[in-house]
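Dropping the structures in below, format is structure tokens.
Consider the two complexes below, in which chain A is the common component and chain B and chain C are the respective partners.
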Partner chain A sequence: MTGAMLKAMLWKEWRETRLKWLAFALAFHIPLAIAGLFLALQESVRFDVRVMTDGYAAYVLAGALVLQSGFLITAGLFLLSFFAVGSVGAELDNRSIFFLFDRPVRRWQVLLFKFVVGAVQTTTCVGLSILTTVTLVYVALAAMSSGVTLDGSWTGFVNVISNAMRGTVWTMAIALMVYSATFLFSVLFEKWWIAVIAGAVSLVLMFYNLGGKFFEWVISSATSKPSSEELNLEVYGRLDPVPLLVMLVVATGFYLASQYVFERKEMR
Partner chain B sequence: MNIEKDFNAGDYAIETVNLGRKFGSFEAVRGVDMKVLRGTVFGLLGVNGAGKSTIIKMLVGHLRPSYGEIRLLGRAPEEDPVGIRRRVAYVSENRYLYEWMTVGESLKFTRAFHENWDDRKAADLLKRFSLPPEKKVKQLSRGNRARLCLLLALSYNPELIILDEPTSGLDPIVRRDFIENIISEISDEGKTVLFSSHIVEEIERVADNVGIINDGEILLTSSIDEIKSSYKRIRYATNGTRPELAGVPGVLAVENGRHEQVLTVQGWGEETLRALGGRGVSNPEVLPISLEDIFVNTVRAERERRANQ
Partner chain C sequence: MNRLKRKSFVVGIILGALALVFGVVMLAKPSKAEAPRLEAYLPSDTVGFVQVSDLRAQALHIIESEAWRAFSQENQSASSLMMMALNHANVLDASYAVALLGTEADEKGNPRPAFVLVGEFDSETNRRQFQHLFLQLGRRVNARGVESNSEEYGNAKITVVKEAGGEAFTYAQGGSTFLLSNSTDAIKKVLDVRAGKAKSLETNETFLRARTRTASREGMFGYLDGAALARVVESAPAAMSEGQGAAFRQLFDGLGLKSLESVAMSSAFADGRVVERVAVAAPNAEGVLKTVTRNPPTERALLALVPADALQAFDASVAGGPQVFDEMLALAEQASANGAKKTPASVLREFTEKTGIDLRGEIVGALGAEVCAAQLASGDERGGVVILSLKDEAAFARVLDKVAQEKKANVTSREYKGVTVWQMTGEKGHGPTYAFLNGNFVASGDAFAVERVIDTAQGGASLAASDAYRAATAGIEGGPQFVYFNSNADYLARLGASLSNKEHEFKSQGTASNLRPSFAFGVARADGFYIESRSPLGAFQRVLAGMTARLSNEKAGKTVEKKVEKQAGAAE
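== the complex of A and B ==
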């Protein structure tokens, strides 16, 4: 694939997906928007600045982080599956991919390109949403209570931001895995809506049934706590490379399976 | 009858050997041997569902053959699929384009994939086809979509152009205009064209050679001139009694009138006339035959043969 081809393909992907990904990013900030509106409009959540302590602020920040990442790996995943299917499934469904198949470019290159572009969009959206969540909540807290300053709660601030960074990496890895799984479905099923349903059902199974043990292991690795213990706000306390690598390997496996199917796919 | 004669393998732009494709228990294409000489226009003629598109989809790599071999421009497509796609253009009946792109954007996008893209030629064709560059593809008429597909296919100077029912769904005026565009383009540059259609008139206007396909089998391949000289209609008066035609060589079809009988004969010659004379036929009149009659009678004869098996 030449530079000119890459440029043309990037332009096409950007033109086709820009509005979708903007909507995607906005959707991922919905909990933040709801929380913001709640804090801004409700008289009852006003508090005395003397009550606000660094510990309390840190607790609220970490809670926001957990809520946002919880949203991302539950409701957000359904959105993710929808958008992952749109990357290649929609082109298979409306047959416009024939246009690319008839160009002098290998099929695996077309799929790799689409996978990488979609994965970058996915992880960027997901990752940014975590970072913006904590940053904005922190700013909101600081603004709401003059008793808390960056100077006064520097340790707490650093703690929360570093948790957020780790949380971003964890959530991006999970999102990448989910994206890859749904990408495979979008290659398997030519009708995009079948791929979305298959993706959604498999995600539910993956997170709440069959893959439950796997994610317990991931989370317990992240928190250094036995999986039986209740999750606490230190959910993103560590970055253990082993489960991260395992998730990357799983995502790569899904991607390679997609390539296998795509290469052998017949277009009737 | 075939068009092989004394040519080498390298003289063919398309060569298939015993090509077949099954969909479950249904065999859509059966043992097709097809040879298309470089620099010629080959018309693949068959009714809807005869297997034309399946053959073409195998040629361009959208379907895998169940058995048999394909060679395009002297190479097996799987050996160098990218190299082949640089040299081959394919226009399908469905005219796959990106609906949201404008005509100009479609040109720019396609240009990026082809090193041989000829800007001057693309501009000329754009003008000749009266395509508005700023118009979105989804707003184009069927005829203009077909023209845009042809423009995109011709602008990178492919050696082989494969057109699968390119005029499907077009009104007669646009269809004729489209065919004329193809003729003027290919006659100048000596390209090889494979053109599939169920419309005999189109094939007759465009093609040098024709292959008649029915139920996945090629029944006949030859040059149109050879076919026409080989196939004839023979008309004679019956005077109330019709001759027994069993054993008369090459009889494809028999049309009975009140006082006459008309035969469509393949491989017409003196032997046919002698056989008819031996059955009491006097003063037979040998008439030319249209490609449409040849097509219809060849397909009918094959269907009858199969029904009798």
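== the complex of A and C ==
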């Protein structure tokens, strides 16, 4: 495969998914949009924001981090699966993938491109949404609150954003794992909507067994200091390599399974 | 261009624009609470009222004020939480007025003032929430031993609440308006005005004139109708015509309050602090009121003796002091003729016989034209000092000797920078320190305060020459009769102390501030008297403290109730 071909395939993937990706990126800021709506329409909410001080700003930023993380590992994963499930199945359904098969590229290369572009798009969205949410909340507070000063709140912001960066790594790893699993469904089912149903059922089952505990774990970790008025961000405080590696291995496993299925798949 | 031609694109743009316009209109449209004219609900013969316009706007002014910003830095979370608690207590989305409509006779025939609280909310929902959540009306009305009866009156519903046979209170609601009173008749009068059946205060010429005198109607506004007040005093029931009632009437007349046209007060935010104005209109002033309004301005010469770092200082003209003394004495004589055991003249005679001091001749007569009081600091120590200008220093010194003899106090003297400082020590081991300085009398309970005044007189930096004082007095027009200066060095601590309650704890010491000083002055005008002040939060500090204390008590009450319920449940 030549460099020109590589470039052309990348361009094709980007061209086909950019609007979907933009919508996906916006959807990952739904909590921020809801907060923005409340802020715009509810006078009492605007009042609450205006009375905030430097000390309270750090508390709000920590709250934004915990809420966005909670959103990502619950509703966010559903959004992610809807994005991933159309990667291959939709192209099989509308037969546009056969255009690629006529080109001098191998099947596994086609799938690799789709996987890499999709994985980069989804994990970037998931990861960056935490950072953009916390940053935008901070900007709004600094702009609207009479008691929030850049000097006084900067340390609190740096503390929360550094925790958010570690949170970003965790959520990106989780997102990659879920993306890989849903990608496999996309390869398995030619009709994209069957893949969507299969992906949704799988996620529901996963959340039925684990989701509640997962969410509870994030929230309870954040509020585990009953005597303190501040949220506890210890859960974001370290990057444990073992679970991260396990998630990467699982994601790789799903990807290889996708390649295996795709290679042997009869497509007409 | 092709995209623009697409129908869906154009429809989308139009819908988006419509949504934007709707949002802007909704946000920009003032609610009822933001554009209040509560005098429109009050009868034209209202004696007086105080109104707070759009409490949310005032709360926002407080948040943006210089004082609150500094206070928030000292009390980071607590200040935010307190304001949020107020925000969610359903009290901010309204304008309020408390009015005195007059007096009425109670069951025993004694006069009783009839007050009405008028609340104009920005929606019916907020009015209902205020009634149930803030006033806890439901709980109060359904309490044991409480009886309530409701009736429709016009388009409003009046509920009379009685406790143990007597009328406790009456309230009425209609639309977004809420009325609360200690008198059903008062409520009906207000409802009649609201329904257009009776004239409102807005048609009262005296009120309209008073309103223009205070320049601002933002924030708080207060009004007192002199003629209505006089009518109330004159038309009081028979019980007031005898004894103490008659004495009160004579005092009222003698003070010249009968000639009072109106008093108007406004309190509003400007430049991050509060400007308060009081305009007393009495173009045909009589009695003591006339003497006070004709009092010459203060020369403010004594402020040159007050150190520049004084915490606060008050300076006033007492040039008309002897005349006020004589008039007040004559007034007291008249009042005492109605059955009092001792007349003021006999009390004065007794005082002179006992102490050897002639109050009128030796004290009031010896005073000059100006008095000054200041609070000074030396490290952590605080001390008050009084400075009196004297006409007759020798006579005043004789008075002090007589006081020392009467109190059997030991008087010692020492020299401080060439000035004799006297120390009067009583039987309990303490007493005032005083000195005569450039024809003025300086006295304090703390020796350091007298010494600091002497230091200032001998070239130390004085308040009168300080930049802070000069900046504060820059806007005064005409010669003031009094001036008041407060450095506000401990304002944040005082604010913290006044706002602390069961629910919220604020720093009340060790919080020095760099706020601009407070300043007030009073000046006589052709038609009366005018007072103006500039301070960090003015009367809003008391409003804030009152509301948070009320919320705190309410919450504490609920907690106790819950505990009792829990205990009762456990016992069962």
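Quick note on the criterion: the second predicted complex is superposed on the first by the 228 of 268 C-alpha atoms of A that agree within 3 Å, B and C clash if a C-alpha of one lies under 4 Å from a C-alpha of the other, contacts with A are read in each partner's own complex, and residues count from 1 in each chain.
Simple rule for what comes next: a residue touches a chain if its C-beta (ideal position, glycine included) is under 8 Å from a C-beta of that chain, and two chains touch if they have at least 3 such contacts.
As the structure is a prediction and not an experimental result, all values here were calculated from the model.
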Partner chain(s) touched by A:P104 [first = chain B, second = chain C, both, neither]: first
First (chain B), second (chain C), both or neither touched by A:S96: first
Touching both chain C and chain B, counted on chain A across the two superposed complexes: none
Contact footprint of chain A on chain B as seen in their complex: 57, 60-64, 81-83, 85-86, 89-90, 92, 94, 96-100, 108-110, 112-114
Contact set on chain C toward chain A in their complex: 23, 56, 59-60, 63-64, 68-69, 72-73, 76-77, 79-81, 83-84, 87-88, 92-93
In the complex, chain A residues that touch chain B: 2, 4-5, 7-8, 11-12, 15-16, 95-96, 98-99, 101-106, 266-268
Complex contacts: residues of chain A adjacent to chain C: 40-41, 43-44, 47-48, 50-56, 59, 146-147, 152, 229
